[in-house]
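Listed below are the structures to be examined.
Two complexes, one shared chain (subunit A), two partners (subunit B, subunit C).
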Partner chain A sequence: MLSLAFDLLLAGALLLVSWRLLQASDLFQATVLFISFGLFLALAWVRLQAPDIALAEAAVGAGLAGVLLIGTFKRIEPQSRQNHDANDDVQPPGACRLDQAAACPGRFHYGMAGGCAGMLTLLLALAVMDLPRQGTGLTEIVADNLEMVGVDHPVTAVLLAFRLYDTWLELGVLLLALIGVFGVRGAQDLRSLPAHPVDAPVLRGLVLLLGPLTVLVTVHLLWLGDHAPGGAFQAGVVLAAGLVLFRLVGLPSVDRLPRVTLVCLVVLGFATILLLAVATTLLSIYHPLEYPPLWSKTMILTLEAAATVSIGVTLAALVILVLVVDEEP
Partner chain B sequence: MQPVWMILIPFLGAAACLLLRGRFVAWAGLTASGGTFGACLAQLLQVWNQEVIRIDLGGWTTPLGIGLYLDGLGMMFLLLTALVGLLVGVYANGFFGRAADYRRMEPYFWPIWLVLWGGLNGVYLSSDIFNAYVLLEVVGLAAVGLTILSGTRESLVAGLRYLLAAMFGSLIYLLGVALLYAEIGHLDLFRLAEQMRVSLPTVIAFGLMTGGLLIKSALLPFHFWLPPAHASAPAPVSAILSGVVTKASFFLLLRIWFVVFPMLTVPLTGQLLGMLGGAAVLWGSLQAVRQTRLKLLVAYSTVGQLGYLFFLFALLAPSGGATRAEEWAVMAWTGTVFHVVSHGLAKASLFMAAGCLLLAMDTDELAAMPDMAGRLPVITFTLGVAGVSLMGLPPSAGFVAKWMLLKASLASGQWWWAVVIALGGLLTAAYVFKVLAFAFVPAARRTTNSRSDPHENQGALESKDAQAVRPVPRLMTLAALALAVLCVLFGFRAEEVIALLPHGLGLDVSPGGLYLGFSQGERP
Partner chain C sequence: MIAAAAIGLCLAGAFFFLAGTVGLLRFPDAMSRIHALTKADNLGLGLIALALMLTSQSLAEMLKILLIWLVALAASSTICFLLGRSMQRRSQSPSGGDAQPLVRYRH
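Then we have the complex of A and B:
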């Protein structure tokens, strides 16, 4: 009964926040609402018994995306008009208020979008009602084959064994995002970006204390993936959060790494799986991307560790690149 | 020879390019391009001898793992990508070696392009609808990364629009995948085909997946992102985007329509896609005729030419994808595949030639081009040869494509497509001759010919008088010319393509459709 009330409250809050988000005429307000929407969504995932997705949603959807949005907002807010530099040409400053810009969608566009979204929702609701009650998915087949993989958590088995190819390509997507940003920003070295040491000893001390804790949580989440919700992505996101925090208070972080080291760390996860693929393809006794028998648990942990480092460093570098822009004088 | 190498070699090259510096980046990239091309030829031989190839990745069989599947259709797309990829690589080596502004992009161009190439090959090999989604993300993000490489305001705006459209398309597609998995419980194309049934969730999933892929293929109402993105990117990138990237989502559409949902392709849906395609042919070509900048003209021509591809759905839909042993079905398939290849080669060649012009003259305004034929004969010749194929004049692959489509539409009784094909050909001829007309105008008569946009032309012409044409690296012009010539030569190889196609398409196999053809060919 209590849980039903909580669920209803949560669903109501999600709807309310998204409605307010659409109504918001102020970009900053919209950003804050977006972050709180992400947090509510994370709670919803917890209620749906998907704690790993909840963790990812809270960390990426609300955390890192929120930081990126606020960084972007700071860059385009009207006050920065006086000191915007030459390469600040992505968006004209002063276009912050959504309801004032001429290019902004009007009532007609909102009506169209709302109509289409409503139609789609209706169709989806009808389709979902029509879906078979008993899950037709592959859950049972996955459970039957868990032993052959050597891990106890089905999600990890799917991500790192059955559908390793997809996971590998996702790491490729992450890699692409960072190279794309590097490509636009030019050959700029992360190290050449100005660091602004924060003049707050208590804050720095606290963040310093958080450092070892971040590493501990990262390793724990990584290890947890073997038998419980957790794994490379969650661990990587925690690592990224730690690295971003360090950078924010002016402590050494990924921006202190030489370029080659940074690239190596970013490619690490992708390259490790690539090596596995090349090796197994060359040795014709294996299928491509097949783990040697008995080694699969070790291999999974190795791949996950490499992926964690890559995910953490890539996300942190992405956020720092965006954040540092508005610090430029 | 494992088809996996088609994915591994570009990825290896990309990793190497990221870790190397200086000129080594380009050499590593070229080596990887050559390697991929070689692997593709070996693969072609294998597909030629053997019907279809199927591999289970990680040793997990299909309901659990992801399978790779290669048939004649996928092979043609792989071949097109490899041909364009190799020559674009050669071209890019010259292009990015030019000025400091371009050299800045080189260390980023190569890794992104190689990942893109691996992703495209992955799409053509994939037999899993979720895996296809991930690959589409790889392809889309890499394409956006390449579009914004130059960092100009124009390209950033175009790139952002491209990103949003591509993301929206992918998400819609993913929604369809989720619905289909919840209803059927499989992700593999052929397992889905076996268990397909008509129900509300599958129909909605079909609509969502088709809609998402249409957005990514830039069919008429969703074409808005294409021209600015393709026109504002650096020349080798434009060639890649227009020549090969646009084909990936179309390929997936073919798989979805004719493998997974053959029973849902009723005449109405097919005619709808065909109508959108017809509108794209006419509207895109008309817009191309109106352009005054060469790169924009070529980009709008892509919108038009992509429309031809969608006649296939209209031509084949009445037979429900089940009985397609009719002669015109073979013709429609061959024509469409020929159009994919000929448009890919010709369009890449056109964009590369436009890039050469841009390097030589610093502008791609058509009005600034008088007497180009005299000053830059090879580039003008390339424009002409590629244009011939685009128009569909006899010796070229474009002719075979349009002829086959024309015959198929008449034979199937859907004569209205023949009218659109003919009109589209005329409009194509109009914009190709518009370009050539500007190129052949003698320098003395140019002022009388530049009526379209007087004040703009004056400025361009003044600056033109001041400077001579700058030299363009020979390798670049030759790479563009090679693509155009390949496109014409390809027209002579129609029989081989017809022989290669039915492998796995089930065309020669009497009633039963694709998956029947597959199951016969797969387990010998």
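Then we have the complex of A and C:
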């Protein structure tokens, strides 16, 4: 009874926040609402007994995406504010404020986006309708084959063994995102970005206190993936947060790395799985991306550690690239 | 007995969270809002953490919850200080005023 009330409240809050988010005319307000939407969504995943997704949603969906959105907001806000001051009444609320230089999307664009979103929703609804009513899906198959993999947590087994291919491609997507942001920023290197360390001894003290703790939590989350919710993505996000904090107060972080080292760390996760794929394909005793059963656990831990480093460095570089503002002309 | 104490602590914590939120919504300027949030919410979080520590299964779990509270305390007081300093600097600068957004990373 109490849990039903909680679920209803949660569902209502999700709908309310998403509606307010779509209605918000102020970009900063929309960003804050998006972050709270992500936190509510994480709670919903907890209620659906999917703590892995809840952790990822809170860390990536609310935390990281929120930081990236705030960075983007900060980048575009001064221009639109100046324009706003200049012609106060010309700009109606809710008008396109994203980038005054680019052409504002017209009604046609909104119509097309709406149509595509509608089609996607329809397809998703059809896919859900198509699911068998009574059934546990692949849960039992995973549980039966769990001992082959050598880890106790089914989610880790799926991500790092049964569907390693998907995880591999996810790391590839992350890599592409970083390449894209480097391209858009026109930056060669993180070292060339202007550094404006916050000159607050209090913050510096806190970051120095949190530094070792961040490393500890990263390793803990990585190790936890073996038998409980946790793993490379969660650990990587914690590592990234620590690296960004270090950069903010001007302590050595990813931006001090030479270019080659940075690239090596970024591609480490993807490259390790690529190596495994090549090795298993050439050895031909195994299927591509199949672990030798004896080495399974060691290899999963190695891959997860490599992926954690890559994810952490990539996300930190992404956030720093977006948050650091160039010198104003 | 322990459960009753935990429920009592949880309710007390929820009360302080509520008080902090009311302060955030009702207080006139940013400084007093930060004041309401950092004081009341940290106490609320502490009370709820204490309740969870009472009901936790092991010593390790208890210490983890304590650590979470301590880290939250350190982080929130630092953020409070940074926000306050940022606002103080803005009120001293000639172009400053309340019209600017709260978010400002560069000084």
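Descriptive notes on the structure:
We adopt the following convention: the second predicted complex is superposed on the first by the 267 of 329 C-alpha atoms of A that agree within 3 Å, B and C clash if a C-alpha of one lies under 4 Å from a C-alpha of the other, contacts with A are read in each partner's own complex, and residues count from 1 in each chain.
What we mean here is this: a contact is a pair of C-beta atoms (placed from the backbone, for glycine too) under 8 Å apart; a residue touches a chain by one contact, two chains touch by 3 or more.
Quick caveat: nothing in here was measured; it's all calculated off a predicted structure.
In the overlay built on the shared chain, the residue A:126 is in contact with subunit B alone; subunit C does not reach it. Greater residue coverage of subunit A by touch, when subunit B is weighed against subunit C, goes to B.
Of the two partner chains placed by superposition, A:43 touches none, neither subunit B nor subunit C.
Of the two partner chains placed by superposition, A:244 touches none, neither subunit B nor subunit C.
Legend: residue contacts after superposition of the two complexes on their common chain; A:210 is shown touching subunit C, with no touch to subunit B. Of the two partner chains, subunit B is the only one touched by A:145; subunit C is not. Applying the stated contact rule after C-alpha superposition, one finds that A:202 touches subunit C and leaves subunit B untouched.
Of the two partner chains placed around the shared chain by superposition, subunit B is the only one that A:286 touches, whereas subunit C remains out of contact. Applying the stated contact rule after C-alpha superposition, one finds that A:67 touches neither subunit B nor subunit C. Contacts of subunit A with subunit B, set against its contacts with subunit C after fitting on chain A, share not one residue. Within the complex formed with subunit A, the residues of subunit B that make contact are 2, 4-5, 8, 11-12, 15, 18-19, 55-60, 63-66, 104-105, 107-109, 111-112, 115, 118-119, 122, 130-131, 134-135, 137-138, 141-142, 144-145, 148-149, 151, 153, 156, 175, 179, 181-186, 199-201, 204-205.
Across the complex, subunit A is touched by residues 71, 74-75, 78, 81-82, 85, 101, 103, 105-107 of subunit C.
On subunit A, the positions that touch subunit C within their shared complex are 28, 70, 73-74, 77, 196, 198-200, 202-203, 206, 209-210, 213, 248, 323, 325.
Considering their complex, residues 89-90, 123-124, 126-128, 130-132, 135-138, 141-142, 145, 161-166, 169-170, 172-173, 175-177, 179-180, 182-187, 260, 263-264, 267, 270-271, 274, 277-278, 281, 286-291 of subunit A touch subunit B.
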